[in-house]
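Comments concern the structure below.
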């Protein structure tokens, strides 16, 4: 069966650190980082690679900070062909 | 010569609006100008497709104008004193957002609910800005029914030239009385697109924003400077007035609107009595025709300003004259109209008896 | 790492063909001034998604209110007018009557729509003006720093109800959507929220339906969005969304209040 | 020449129309006209009047307090406007409803039983036309022909069948007046 | 000495209202003055039983004032520019019905929505009557936080003395800034009965009517004449102003409110540079202190009027001066505050360099 | 004559002890300016009867609107204030909040109450202001000579709907009482008429009940009276009362819309 | 049985001739007279003596023009006592 | 003597309170004070500042553009207000969060690692008190005693238990500054 993997791109300069995406992520992929951006906000960073590309974080993010990609992975052998 | 009719001032204004190809009228009834919306309700839509909408209030009406004017349409309203007071916030917004539109105030006796009789007590409100902030309406003061009609197209022309609200300030009598009027030709409603108007973001161009908010004071000051330049330009290009008998005048009667006609009659009677009286009637109250007063001031013994209020335009006369001649004021208030005899009598009391 | 096990690296995923969510193109590429976690931003975003998806960016004119969303026009890449406080529905009437073939909407806070603007909203609804009102109900005056709104609920503390709103003297929380729904001019009234992923999705759908109704000329549509104001509620964004869920929504239940009768 | 008149009566008696017909007639003769109605709540049920000025020159004030001719269709109008007739001017009234006739001796006073004539014509609505006829006989401000034109302008198309009746009424009034020696002041 | 506190102007005004024994505040939030209603919501009712009611709009607020003032109660509201514009109809009614009440306009940058920064663009609206008809507010212009407090009781005293609305006109900075303020003593809320106030028809007396409607113009003119007499009396008895260094002045700086303090600093710097500059600050903007300007005019080379607007009070200065000296204007707009250096520089450009 | 047969002459009947109806003493002994047959006069009369009967002439303050009834204060022998057009409920709020122990009422036409004054009425109702609103619904702007009112019914001809009101463009006739009845601040809403003797009696009772409720502090009471405007409807008074019966009342049915729950 | 008789007093100067009372009277006691009052209105007059004092006319009269009296008449003999 | 200062930082850092404490302290010494906050939407989430002027005489303009001392609690404040220090005036900043230190040579520049000190004190909220201590050391506008009084006035009663912590923070800042040779322009 194909596994679904995702990737999120965070526009850190636009993140306001509201943490809503963190709450919304079913995979605990997101967390507040230590650094702050130019506007003085602690911004969100990826803390694992469990992202499934479910888009929750992007949908809840008020500031449209997150871009999400998703890919269905075929079993390894197919890749190896 | 165009079609000649006997019409009420209010009706002439309404008819002229249809003929000027106005796109929309939003208004709320109030005496002594309800004939405007009534006439338009009967005539306008069927003739030109013009929109006529009775708003729930004057506050709503002026903001509907804002919306329609923001789309580059010719939108207008009319009201009378209390109703105009309710529009002050909206007017300040319209002036600040630089939207063209036309208003008429068929001024009645105030303050408060007052009377429904003719008055000119709203001069200050109209010319100095009854709303907040530094802005000006361009103000036209008709003195007969013909001008009630003529100033509609003129008003819209000026409104669009300057992207500024234009106000016709007329007293109740001008709205209610009938006179002969030569009607202007019917113009089509032009469906012009203006680059600043919000009609849907252009496919190849920037979106349009109509706003009066500029949260940075420096930016807001720029807006203000632009407005002030516009007012200067109006002062240079739009001043209108009418004079009579200034050549040999020793005294000047001055008044605007209907009262200027009463003053004219007083002048005639005075001349018969041997007083060399001249006459100035400002047609634009803003920009005020300062220059003609400044020019005549050193040449005459005095100016008598007559108004149906407690003395308002007289301040602009004095500002123009700068102490170069004596300026006196005679006024009636609350809807009372002065008579020619009364004016002359007071003139004699002030200028002749004391001499 | 997990990615390695499956032999896939980020570069394999981050490809145009795998894109599943991006910032809507109708939302301008600038920072929004809203406080962190503010629902205004969320609604801007989903509404611009709808505009983009319906392909109407060049055929829509919006009216911004006075309130925190006064700057909506700085973010939505469409023609917009900024209306005096409370008068958005009058301004929208002026626009829609001049441009009946365009989409028109207002975007208003609860103070703007239901307090000072109550009459303009009521009468536009009663005239069945064929436009959409997006009504952000955050139960407070956000922009002016937290005074009581018509929608502030019983007992809620604001700067002008410092001891909690007492409806007996300060008025009852007003459900404006319910109030106007019975009017014949009103086509669609719905109450939504943006505090959870699911609610965001539903709210977006409601906005889209409202625009469809407008296209069909059905009349006045009001989409109320129960929203948050973390700054003036003095909560974190996460707390504020929970407050929406646990306190506001029970008083302002979500769902359609009026839907148009199906035309055949 | 300028003639300053006021037509006054109860609301509903058609006094405003009298001034309007005169106004239109004057326009057809190329004259200047101003017609100024009383307006306001007092109209309601109460009295109504209109000042009508006809002139060869531009008319300055449309609101005046002294008149060349006062036409009074009821007692309150006689009471109110008798003092407003210029010395040497005219006061015209309807005897049918008058209890207290005017008394000034420095003006020309004319009267006719207009109400009774109207009853004879079986239409009390034409009272105003009868009075207007009398007015014209006295003042001669415009020609009768112009009055006919004015009448046609003021009367909505759908009532044009009533023109003959109105003309008859007008002429009855016109002929009811015998011009007397004028008062000179 | 009374209690001394460091307070925002808005808070000082609110605290002073409680201490003046005010009966009711009706208002609607707007920056930069929302602190007034917020402070009162916290403090007032529990301390004096004063009513504090957040109205649904400024239109409602001013009409609530009408009702409360008509009962002889001390009622007040505060707002800022756009909100004050919405009150113009109500104010005209209040002035016409001769009801005493107090308002404050914490003026922000306009026109339109503008900015929320300090400005003085509402001078015309406030002093000439932004509403319809001939009426005047009595206008007080505080220049520090102390006066923001002091003018509350003074305002009510004047309002009741004249049965006339009184307006405190202050810019946004005066509302937002903190200064030392000596608070007045707490006065009780006096439950006075006024013969004109509607509190239920007296058992042995005539019923009371609060109205501004006088459908007969002659009657309305009488009302107007009474109002005008009142304004004359104010001119005779209530003119307030402050001067400095007029004795040897060759030039005069004049300004009101906060700007007068900036002008004062500019004067000081100017004096250090050797310019003999004096200073006049009108405290009552209506009635305007004409006389002091008329007196000083022939003695000086010129007057520089400085305002945070496009030039409004300067008209009253010119009307006072009647051409007897040169009057120049320097202003900033839209919420920008001029600095002392800038004022002096412009003074030099206008008066010194050209000489 | 009949009297003679029974041996009774007028003088025998016209005696104080036989008096069964006289002009209420709280109605001033002056002519009212209203047109012949106008319902405003009738309502003035019965309301002053109520005031007299309840003995509250010295404890009541009224607010007159702008509209034909602007001069109400010339007829009602009580303390009154005249409010700006539409603002009667704001003015009444100011009065009642200052004098909570007095009776307070507004008297307003449909244009005044529901058009320009919609917001003040709505919010006073929502605050549960404890006063009475007497709402004269004559479906027209009387004072300004017959323009369309918010209550003008579908198809009705007025000077601003000369071809009949078309709700699609001019708005639907607004039932303001029904609109606000659901608000928790509202205690009592009833619709009455004065076109028949029986309706006059009922209307009077409704006014009296409303004042009783005010005494009990129950909140906002609205007594709507479907009335006539013979002058602007261009009918005789008798015709106009028939129009009320046959045309208006079917659209504006009479009866209580909301009554207070009985307190025990 | 006692018969009820009524009498109405019409304040003719205040009558506006609206005719509502005429409509409302069950006894046809009222009608518009020929004369007009000072305000120019044709006013109402009594045209018979059938009035029962039912008050209808007074209740419907907008201008409170009518005062009504009512008396219960005992059978004649009682009067004769 | 007049001292014109501005306190600037992110919203929430307590910069307005710094000016207020100083203001109260000055009042207790009988001085005149004006305290002028920046206000408006830019406050929201963004930067905040207050101009605080302390003087022995009546203070004219509360809004000024050049300062004797600028206290900057973040980088944007340094960037914005460095040019606004009067020649010979002071600029005080927190090194903990500064990437781009000030560079002018005609002013006195002071700094301290206030953020780190706050962490040591286990309460980042006292950062403003640390900076205020440093400010006082540099300017000596009022006495420390007056600051204590000002602190008590500004802090709501229910937080008075926090006074010692705030005092400690203040003194840490006070002592972190070594006065150097003053720039003279």
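List of remarks:
First chain written, first letter: the chains are A, B, C, D, E, F, G and H, and each begins at residue 1.
Convention: contacts are C-beta pairs under 8 Å (C-beta built on N, C-alpha and C of every residue); 3 or more make two chains touch, one makes a residue touch a chain.
In this text the structure is predicted, and so the values were computed from the model without any measurement.
Path length between chain E and chain G in the chain contact graph, taken as the least number of steps between touching chains: 2.
Annotation: E-F is the more contact-rich of the chain pairs E-F and C-E, by number of C-beta pairs in contact.
Chain centres here are Cα means. That of chain A falls 40 Å from that of chain H.
A separation of 55 Å divides the Cα centre of chain D from that of chain E. Residue positions of chain G touching 2 or more other chains, listed in rising order: 16, 39.
Within chain H, residues 40-41, 45 each touch two or more of the remaining chains.
Annotation for chain B: residues 31, 53, 56-57, 59, 82, 89, 93, 97, 113, 115-117, 211-213, 215 touch two or more other chains.
Across the complex, chain E meets chain H through its residues 4, 6, 31-32, 115-118, 172-173, 176-180, 258, 261-262, 264-265, 268, 337, 339-340. Every residue of chain B that touches chain F in the complex is listed here, in rising order: 28-31, 34, 37-38, 41-42, 53-54, 56-58, 82, 113. Chain F contributes residues 115-116, 118-119, 122-123, 126-128, 150, 167-172, 174, 178-179, 182-185 to its touches with chain C in the complex. Those residues of chain C whose C-beta lies close enough to touch chain B in the complex are 57-61, 63-64, 70-71, 73, 77-84, 87, 90-95, 97-99, 102, 119-120, 123.
Touching chain B in their complex are the following residues of chain F: 66, 70, 82, 84-86, 115-116, 118, 141, 143-145, 147-148, 150, 159-162, 169-170.
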